[in-house]
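The structures come next, written out as structure tokens.
Heads up, the next two complexes both have subunit A, just with different partners, subunit B and then subunit C.
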Partner chain A sequence: MTLFVQQFFNGLSLGGVYCLAAIGLTLVFGVLRIPNLAHGALYMVGAYLTYFFLTSAGVPYILAIALAALVLAGIGIGMERVVFHPLRNAPHTHHMIAAAGAMFFLHSLIQAIWGADFRRMESPITGRVEILGTQVSWQRVTIVITAVVVLIALTWFIKRTVHGQSIEAVEQDRVGASLVGINPNRVSMLTFGLAAALVAVAAGLVAPINLLYPTMGDVIMVKVFAIIILGGLGSIPGAIVGGFTLGMAEVMATTYVSAVAGEVIAFVVLILVLAIRPTGLLTKAVQR
Partner chain B sequence: MSQKSRSTLRPLIALSTVSLLALTSCGNGGGDGEGGTITIGVTGPQSGGGALYGENVEAGIRLAIDELNEQGVTIDGEEYTVEMRALDDEYQPNAAATNAQRLVEQDDASVVFIPHAGGIHAAQEINTSRSDFLIGAYSSDRRIIERDNELTFMISPPFVSYSEPFIRIFQEEQGAERLGLLATASEYGQQWTTMITQDWEDAGGEVLSNNNFDYGAVSDFASSVARTLSDDPDVILVGGPSQTTALVIEEARDQGYEGGFMIMDQAKFEELELFTDPENLNNSAGVKPVAEFDDPGTDSLVERFAEDITEERPITAETSLNFQAVALVVKAMEIAGTHEDPAAIREAMPEAAAEVDDVFRVSGFPDEVTDEGLLISDSLEGAYRDSEGNYEYFPMDIE
Partner chain C sequence: MKLTFSIRGVGALLVAAALLFAPLILAEQNYLLRVLITGITYAIAVYGLNIILGFTGQLSLAHGGFFGIGVYTMGLLTTDYDWSFWGALLAAIVLTTVVGFLAGLLALRTREAYFAVFTMALGLIIYMIISRWEDVTHAYSGVLGVKLPENIGPLDFSEPATYYYLLLVFLAAAAYVTYTLRVSNVGRRLLAIRTSEDLASSIGINVGLNKQLAFTASAGFAGLGGALFASAEGFIGPNSSSIDLTFELLMFLLVGGVATVMGPIVGTLLVLALFEAFQDFQAYRFILLGPVIIALVIYAPQGLIGRLNELTLRWKRRRAAAPKTPAGPPDSDSPADPNDEKAEVR
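This part shows the complex of A and B:
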């Protein structure tokens, strides 16, 4: 039982990180209809930025994550302007090639600045707390709480603010949205900025229980793509449900079946969902 | 139509010819005027997940070459400058073989260092047939010399050498019975696991569930650790890249594990200590840190690594063993009187082992080179970190 409770928290924290990373990808897909292959690289840059603010600049942990999110949002907007905006009328394959190019660029850039070494980011949040008779590390509790807070703030932003609603409007109908005076250019930039900020939070949270290295984003990229396909491309609730489902499935399969099962479970679930419901779990009716 | 395509092709052909010429002239540029040039080829990962590993290997080769050039290399009465030419293969076997071929054809390298088993196997397909070159094979997988490839020598001690002392320490001396498996799931990790499983059971122990996972591809390994600990092991096999291994060990200690660790030879104590509280490493057996050797060249190489390469990380066997191997192979060229005939160089290696300058003897310098291509050192040791955090060293038989 204690093993189960412990693993349940491991699953929740992993799911929280997957969620934050997946929402950004699904937002970009919803608005621009492109799979941003450089999303994993942005995640990696987010982790390095948090590392920089925490260890080199000496900023407190949560503030370091916030600063990293801010800077990465700027990088995300820059990427939209420089890489994707000029290609807005080009065929979709061009976006994919450009995104892959951006990914390699970011890998090399980070390797040039910080080197290929693995880096360890020590979190100031140490120690363990007893929950339901089992020891859970504060870092994991922080991950879960932060993820939930960020998800609530995001929902509020999308549903209750003009900028957020404009994102949703463009997602639903790009032409219709521009007819009522929404500037799709601004929305594209906003979406990229938001996606980058979210993925930076995910990276900053997970960095202390993982290692930093230039290709660290590749691992999560595959999982995150599985999640957004699972949840339905472009769907935010889908990304949330998909993220937690996958995190939990991965941890439980590893615990009760085997480590190999944990690694393949994402794809087993994905194949099952695609076989039964090819559009994903929570695809909106208006999705085209 | 064919004419049109030819006219578009022509500038392309011209361009590629020019750039090819430029490339070749670059490759041979360095050593004009002062005698000939010996090119040592290297193909390893310079980018991607294995980049750091590739850097460490290259560092050893570069440091050896600098030292050799300072001392002067004379082959058959003529002075030579040694150069390194390194290409990126991103850990891909096919790319390694292509690179090796390029290094041999374009840069006239007669020795190519390859630091991964996949690349070594791929290069062995061509190094005695299509073009002749000697492979400096840095991998601890013994199968690389079991294929009767007469132009291969194995730089790293085979990992089978660790099995006997590991089992002696934990099973015989400490009475451990239950062995947990939590190593990396790469092919190398599986080989290690198979070997230790067999030997542990043969010695009368019990091997628990296999929880190996891919150290490079899992985002959260707390669950694999928890599952291993739920079997209640006395000792656990861990190992993969040092940095991830350190986190796995730390997670196990955090979850309350107090037993021992057998650390596979890819991970190194000196790096593990940087990534986790060294106390977590107490009661573990693994590779002896380079700086702990008392060989004549140890101190000077440790110093030069810090000065010329980096102070941010300690030198490991990846650097020191390749450093030694370059000195050995260049000495063999001097003895053979040629830097162009790989077979003659290989043949001179056993004799060269005794004649290499002391400054190149760093961490278990080979005393013997077998016909198979194994480098045997009588002074090689492994390390055991006891429950107080003190290191003890145990002799290892290379086999």
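This part shows the complex of A and C:
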């Protein structure tokens, strides 16, 4: 039982991280109808920037994450302008190839700055707390709380503010949105910035638990794709449900089956879902 | 028509001649010959990628994985199981084709973005199997001593130049298949599918079957390239199946020209030459090459050979539009010129 409760919290914290990473990807897909293959690289840059602000610049942990998110938002907007905006009318393969180019560029850049070696970020939040008779580290509690706070703030932003609602409008109908005076270009930039900031928060939160290395984003990106395909491309509630489901499934499979099972479960889910419903499980309508 | 064909033909002949005489020119420089050998094995896999991406317009990100299956079939069979090169080569082609066929059954149910994500996951699964299944693949320690082809009569393949010519035969076969595909009905069907799947099926093209065939053949070529790569290198490791490799193959194809016959080989060798030029900071080469990929996709998505083909086509049109009067500087006021301009702008 103690093991289960402990693993439950591990699953919850992992799920929170997956959610934050997945929402960005699903937002970008919703607005621009493209899978951003550089999302994993943005995650990696977010982790390294948090590491930089924390260890080299010496700012407090949460502030370091916020700063990293801010920088990443700038990178995201720049990427939209430089890479995706010129390709807005090109065939879909071109976006993916360009995104791959951006991904490689970021890999190399980070490797040039920080080297290819694994880096460990010491957790600035130490200690444990007793919940339901088991020890849970404060780091994981922080992850869960931050994820929930960010998710609530995001929901508020999208549902209650004009800028957020304009994202939803463009998602639903790009032409219709521009007819009522919404600038789709500005929404694209906003979405990219938001997505990059969210993935930076995810990376900053999980960085003290995992190691840092230039290709750390590759596997998590496929997992995040599995999540948003499970939850329906473009759907935020789907990304949240999918994120927590996969995080929990991964931790439980690792605990009760084997480490390899935990590692491959995301891919198995992805393959199964696409084999059964090639357009994703919870997709509203087939997008052509 | 005839003229265009001959220009392309001359270009292809020049490339072929350069490849044929390369070992003689590079006789003293074994290192460059080895680079060329590696490049040709990659190019064969790029021809595979060209079939599915160039002709049917589906972006497969599993080709690094298929390449890896070829590498490991060749590498493991000729070392741990002591097969001959030729047996292992056949096994590699058969295995990747079968895996490609089975993967295609599932993957081709999806399309566009979903297809890319699906195949990316597939490629990662293949990579994970190869890098984690230590009992069979030796994981990260890799395997040394992959066999070169056994001698056939007087042909001694341990001589790099001889092995190079063997590879050239396979490369020519891959290019020839692409060429026949381009001018055949099958190729036209695939191009129709690339243009619009719905339209293609409305005129009676079996979209599913044709995509399945293209994907299967495409995987087979990637496996062939991988098997030859393993033999050429003599060493196998999990990196030869990674997602990075997929994107490198993609870049080779993109630089050369998607859906062209000479694009894969020209693109591969050109980019590898760039890699060699930037060898000193090999790990950081993508700081330069990443933006190059992006710029290519934005400004020259048709690639080098695609661009050249366009230029020859334009030149041919200009000649066709030119007045039939015998030589002499074209008169700028002649009535033929406006047509000419129109033809050029297209």
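Note that the second predicted complex is superposed on the first by the 266 of 288 C-alpha atoms of A that agree within 3 Å, B and C clash if a C-alpha of one lies under 4 Å from a C-alpha of the other, contacts with A are read in each partner's own complex, and residues count from 1 in each chain.
Criterion: a contact is a pair of C-beta atoms (placed from the backbone, for glycine too) under 8 Å apart; a residue touches a chain by one contact, two chains touch by 3 or more.
All values derive from a computational prediction rather than experimental measurement.
Participant: Both complexes share subunit A, so when I overlay them there, do subunit B and subunit C fit or clash?
Facilitator: Partners clash after overlay.
Participant: By residue count, which of the two partners contacts subunit A more extensively, subunit B or subunit C?
Facilitator: C
Participant: Scan A:F118 for contacts with subunit B and subunit C and give back first, second, both or neither.
Facilitator: First partner only, subunit B.
Participant: Would you sort A:S137 into first (subunit B), second (subunit C), both or neither based on which partner it touches?
Facilitator: First partner only, subunit B.
Participant: For A:V206 in the superposed arrangement: first (subunit B), second (subunit C), both or neither?
Facilitator: In the superposition, A:V206 touches subunit B alone.
Participant: Would you sort A:I145 into first (subunit B), second (subunit C), both or neither based on which partner it touches?
Facilitator: It touches nothing on subunit B or subunit C.
Participant: Would you sort A:V219 into first (subunit B), second (subunit C), both or neither based on which partner it touches?
Facilitator: Once the two structures are laid over each other on A, A:V219 reaches both partners.
Participant: After lining up the shared chain so the two structures overlap, which partner does A:Q7 touch, if you call subunit B first and subunit C second: first, second, both or neither?
Facilitator: Only subunit B; A:Q7 stays clear of subunit C.
Participant: Of the two partner chains, subunit B (first) and subunit C (second), which one does A:H107 touch, if any: first, second, both, or neither?
Facilitator: The answer is both, since A:H107 touches subunit B and subunit C.
Participant: Scan A:V251 for contacts with subunit B and subunit C and give back first, second, both or neither.
Facilitator: So A:V251 only meets subunit B here.
Participant: Is A:A153 in contact with subunit B, with subunit C, with both, or with neither (first, second, both, neither)?
Facilitator: Touch status of A:A153: no partner.
Participant: Name the residues of subunit A shared by its contacts with subunit B and its contacts with subunit C.
Facilitator: On subunit A, the residues that contact subunit B in one structure and subunit C in the other are 107-108, 111, 116, 215, 218-219, 260, 263.
Participant: Tell me, which parts of subunit A touch subunit C in their complex?
Facilitator: Checking each residue of subunit A against subunit C gives 29, 33-35, 37, 82-83, 86-87, 90-94, 96-98, 100-109, 111-112, 116, 215, 218-219, 222, 225-226, 229, 233, 260, 263-264, 267, 270-271, 274-275, 278-280.
Participant: Any idea which subunit C residues touch subunit A in the complex?
Facilitator: 53, 57, 59, 106, 109-114, 116-118, 120-122, 124-125, 128, 132, 243-244, 247, 250-251, 254, 283-287, 289-294, 297-298, 301
Participant: With touch defined as at the start, can you tell me which subunit A residues reach subunit B in the complex?
Facilitator: Spelled out, the residues of subunit A in touch with subunit B are 3, 6-7, 10, 13-14, 17, 107-108, 111, 115-118, 120, 128, 135, 137, 206, 209-211, 213-215, 218-220, 223, 250-252, 254-255, 258-260, 262-263.
Participant: Using the touch definition from the top, list the residues of subunit B that touch subunit A in their complex.
Facilitator: For this pair, the touching residues of subunit B are 47-49, 51-52, 55, 185, 209-214, 216-220, 222-224, 226-227, 230, 241-244, 246-247, 254-256, 274-275, 312-313.
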